[in-house]
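Okay, got some structures for you below.
You will see two complexes here that share chain A, one where it goes with chain B and one where it goes with chain C.
And now, the complex of A and B:
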């Protein structure tokens, strides 16, 4: 439980918002700030939209919007400054965003992604364009009691409910929302309009707990992100896999454009007239050849497979090393949109599956060596392999745990087989 | 940040996207997730489609040529001048001296109005558009065979096909969303046959890949039909019940020697047998083809051969089967539908038919010309050369897109008058006497028809840039100045007239287009739900017609002086003459310049290294481009995309055409390569 924040705070950290009060609460917010929420439009698409009137929109709190909310912090195209040339002099006029917003109805994965971007955009220097927007935005997420088909936030540890990072977090309890107060600005909101809220009871808490548990058991997609990461770190992914992904990628850039954490941008100067222009930044995608091509025309990642390799390395091990979390939040959007199945879910599954095959082959090879060295019998190997299939442990570990052999014996046998003098020669 | 739903302006997949607008500017796009083709993604062009809208090069005011230079003018002066000059030339030389080029990039309403302008105001049938250069053989060939020149089935049906034969279509690059359905089919276990002279990306996924020599499609297609006939894999019942002229066709095949297949096309006979068995061996097989089939002097025969193959095996008239000519431009299907063709009024109604003319005359309140019109190739190269004295060009760029550019540009320069409406000062507009600034897709309302015959809305997101105006308004202004008042208040009103006169669009009304994702034509009346797949139960023309086809070698074959085949085409990052795509940051960065694909063996012999310049010379002219060494092209064959004005591939191509469809043979000519020292 988070502690009470600020003095004079009267509301507890766990509240109840009756569903019939939601519109009223949002109306109050919209009067003071730009209100952005997921809206299902008349064509059936759910998009984050700026809401001018809370009465004539259909709020969609059941599905993940087609695009992530990053456009509100890092727009697809953004003017950084205008310039004007007078003789030999240049005059610059910075265009700093200035708008206070509330993002309501974020999915947990998307909110988690914003927290990731927060780190990136103030890591080396503070990106004022991003931070100006970000520091004026209140984030309210709704926990996902019903994960969508391709969601895997549980595997990415970014949902379906958050324990930190939000200003307010809602849980749908049927006729009411269970509201958790997170960061100070969430507290400000509930304190200001406290009359919409009541204190949560133990029954509410129990119910919410049930929903969280239930939601976690509903995921259709579970992938082993950690295993894929470790295989990448250990360079256990063969070139054939990258080649295959390279062939299947159609170079649309969609995976980067729809990714809630992809933040790469390009900067160009655009003349508007003979003497005027603007410096613009726009979304970019690392799967494009132009992303890495050098001025002379040489491209260190000329082949598409190299660029995809870089992308997945960046998303998993590099991000984890640098930011202690993957830059994949498990939203599943890339999976839904990729032309050639070069998305995170297919990738992780491919890596794990092929790794499994490779490790099975390695086990067989090791087993054969140990049998030939007379350390174990063929029958013992068979039993160990069957056990290993259940436990998923490496064969060597399985044999040692079963007391059939020792580390030293395995090392010796391997050394002989591979003709490594240090192990095979000294004692042999 | 308002988001306005519209249809993408590039290819004919028909993706729907939301234009994100901020402070009167389009700053990004969001693909529709629910749209059945878009499915939440776009190609790189689509993702960046918004960027050219506000480009500084946009034409912002009309231009008039004064003492050789184009100078700024107001609308009144420019429109008056165009109306006056067109009228003068018409009076002096007769209406047959006027030529009108319509645009597959403009809306249905604009195409309808421009063909109406040509016929009702200028009194000429000399109206055509770029379908002449891409799918005129499909319009003719498939109409002869099936009764309709359009894709027989919906795109999404591809996903459920058991066999897909792709030929002359670089689908992943040119129709990425359609390729996506092919990938879906593959994931479900479908077999893929790719037949293409270039080893296109899709060939890596093919179960059977055949590499014919350029221009030998009739040979391998007839070979395939003969194999199917010989091995008894044909659909007897279908042929008896649904088709005609089979006897003559099978007689022709009797005389077809299978031994010549390998000799001429280079495809091993056994490989072709395998492909024939796979294609004929299942119930649900689809054929996808594009420019590689049509842009030949035998284009119509190529298309007819494909139709023969489909009918022989009964792979048409049903769901998940059929023949799919993939249209290129966002509205090339619609421009054809609207009758921007010399021989057809809207809905493929023959202009030579008096009854049809009467119907249009009653609504248009004027007499219509009876003299047959010229195709756009004839306006420049063929019989029509020098007969045309003045032209009105809407959103086309023949000075870069037509074959044999020297001849094309010469023909443009001898015109007494040319007016061009476009969004940028294209190579063609730069030669015009008057240039009218047009509004882009983001600045106007209308409809476009995708390759699967899906009629969809284009919606205005921002005001026209500068003083530019939508083309439909420009046409109305011109017509009114030529004593034929056109006073439409909106594109919706124009569509009401289209629906009244065009049976296949009879039920298309704007209010209906707001629900669902457009309507498939034929949609004859308001209660009709539209037709996702054609020829259900019987062909549109009644019985499907087999037609004999004979192999004709390409018009210009390699010889000692010009030993290489040149084939031209597109790349995924650019669009046609590049006027839009080359002004988009991500796209121009991705492919900044032209290249010629050369097989490494040939390059070695020539002493040409990768990324080094090569001179490519044909009988028509020469260009210098950088070499790109790749095994994707076979030896003695080179490939150049035609997007780049600084190295225009069409300087090299020739103007010889298919005799029926009048499509030039962009896909084959002879060149020699010279190392640049």
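And now, the complex of A and C:
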């Protein structure tokens, strides 16, 4: 398959868009829908912005925008209703958003975050405001060939490239984009303006694959999100850790505001006049003091450490329990905004390292018992501990695999130590 | 440009945040700072559609004051409207306390799980309430009394700060006259005319004749009261799953989205507000 696809034909799922055609394609889109893309402004900040004229802006498809795209689905403040009172009559009039948009140049992590929000706002009670915006927004992401300093989407399994969920996914191949067609909305776009695209060749595919592999190997941040989650589930995190995080958190809510999946909100009334007002929804954050405070002053999460604990439990084990995925997409924005290091990367590292320290201490204790019992020599213990540090296996398993001892011997030695009678240990 | 998907959302997805107008049919002064409002929907069709279980709550809108979650204190079997007992605490509750017959508020719901009626059937019931905490219990008590044959003996223990703070005085007196219903009221601080019990509500537990193996306990009150009562009930031999309480949390949406009422991995507005002690025990923030 090579060359242009004939007019009217169904476009294949993998296409090529020459870079010189990008502006034309975007110009067409902008004529029919509101176009939103990452723009580098005159201060050098990259942010998602509504583009009125494609030719007048400088697209930035290299860096991750400083703010997530959630504002386009959950605005920082939005009017849900206008209400009025005439005489005794008190009425609410719905204010429903009416948008039709294309979000172009999303990073994979941000697109994955929107898919997470989709689940939250569609489950049980469906949120009409969110769905109305979302149902008429086309999502086009660009895979990241160069992860940024604080990115860890690979650990969060939300990038650097996606295999599903996008309408179109782009890969930068230098002089051209490799375009993957995902959901039907993406197909509609490429079918409509098929003259911008040619079908991809095997060479293009190979090149794209190479870029994906290379990108995956370039991450500076690798954190073990799964291990941190399992420690949280098993309550293997000591109170001192929460205290430390609570002490360092300044309760500014920044981590929640820059998080692409944090969706907690508040609803308040804004009086406009003696007879009218607006009911407004606005972003809120679980790290703020008043978030759980009740009328009368009682607050179930009075201490800051409790609020931090809530935040991380919600983002990792609770989200996984409920939605089978963490509500962290590894974008690293919380790390950039928090000087107190109460961010996801430091948190995961803290949880994992403290756990590691505790397990090393446990290994040392076990080793000592086995040496005292005369089952292994001190030299053998040293070698096994070094090996174990590499393999990550529990010390007991390492010793057994090396043929230095057996399950039964370990059980006996531990039994003596703890003064319990011989357990029915089976020969390992 | 609205496309097909958007049209579908508009047609198929009702607005979960839409308050419906209700008017105040009656106001009863319970105490110096608690009033019971009897409400009815303006739209008869909505009124007919509105069904609830005891223990559920509604979100009440008051003009220019926002919304607040309030437990329904009347029984679903009560035909003369929906009743809410509201304590004057802040802006919204202060404003509604000024309302009289004919004034309108907004209402959406009902929300939450409500009391597990199926599990209560056939058992003796022990109600322990503190202060305004009697409100959600009242809905269930009246329901139970209207379906008397489905339930066993009923014991109601109620504690208030002072004799002036006792809510639902007429109801308490009426319930006490019913067959196989025992009502005891205590106050924390008495006055010269008070003839009843004095002391915390937990003291009433010691005197009550209850068989923990066939009784379900339903508690509502300030978190501190709940925790003392639960402690005593466990000592008496109540099983953790037979101790049922309804929790108060900050709520904004009522539909499991806004995050405010989260408790452990659950949302009070969706999985609660009614929980058994067995469930509550697993929550990091307790009551």
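Basically, the second predicted complex is superposed on the first by the 378 of 428 C-alpha atoms of A that agree within 3 Å, B and C clash if a C-alpha of one lies under 4 Å from a C-alpha of the other, contacts with A are read in each partner's own complex, and residues count from 1 in each chain.
By definition in this document, a residue touches a chain if its C-beta (ideal position, glycine included) is under 8 Å from a C-beta of that chain, and two chains touch if they have at least 3 such contacts.
Just so you know, these numbers come straight off a predicted model, no measurement behind them.
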Exercise for the section: Could you classify chain B and chain C on chain A, in the superposed arrangement, as clash or fit? Expected result: fit
Exercise for the section: For A:124, select first, second, both or neither according to whether it touches chain B, chain C, the two together, or no partner. Expected result: second
Practice task
Check the residue A:251 against both partner chains and state whether it touches chain B (first), chain C (second), both, or neither.
Solution key: first
Exercise for the section: Using the superposition on chain A described above, determine whether A:284 touches chain B (first), chain C (second), both, or neither. Expected result: both
Practice task
Tell me which partner A:268 touches in the superposition: chain B (first), chain C (second), both or neither.
Solution key: both
Exercise for the section: Using the touch definition from the top, say if A:68 reaches chain B (first), chain C (second), both or neither. Expected result: neither
Handout entry: Contacts of A:338 with chain B and chain C, given as first, second, both or neither
Key = first
Exercise for the section: For A:105, select first, second, both or neither according to whether it touches chain B, chain C, the two together, or no partner. Expected result: neither
Practice task
Quick one: classify A:43 as touching chain B (first), chain C (second), both or neither.
Solution key: first
Exercise for the section: Considering only touches as defined above, state whether A:367 meets chain B (first), chain C (second), both or neither. Expected result: neither
Handout entry: Superposed model, angle subtended at chain A by chain C and chain B (C-alpha, nearest 10 degrees)
Key = 80
Fill in the blank from the handout: Taking every C-alpha pair between chain B and chain C in the superposed model, the minimum, in Å, is 11
Completion exercise
Dual-contact residues of chain A (chain B, chain C) 266, 268, 271, 284, 293
Exercise for the section: Give every residue of chain C touching chain A within the complex, in rising order. Expected result: 1-3, 5-6, 8-10, 13-19, 21, 23, 61, 63-68, 89-90, 93, 102-106, 222-223, 248-250, 252-253, 255-265, 270, 284-287
Practice task
Report the residues of chain A in contact with chain C in the complex, numbered from low to high.
Solution key: 32-33, 80-81, 83, 85, 88-92, 94, 96, 98, 100, 120-121, 123-128, 131-132, 135-136, 263-269, 271, 277, 279, 284, 286, 291-296, 298, 300-301, 306, 309-310, 313-314, 317-318, 321-322
Exercise for the section: Report the residues of chain A in contact with chain B in the complex, numbered from low to high. Expected result: 41-47, 49-50, 66-67, 71, 75-78, 247-248, 250-254, 257-258, 266, 268, 270-273, 282-285, 288-290, 293, 297, 333, 336-341
Completion exercise
Per the touch rule, the chain B residues reaching chain A in their complex are 1, 3, 5, 16, 18, 20, 22, 27-35, 39-44, 46-47, 50-51, 56, 172, 176-177, 179-180, 183, 187, 201, 204-205, 514, 517, 572, 585-586, 589-590, 611
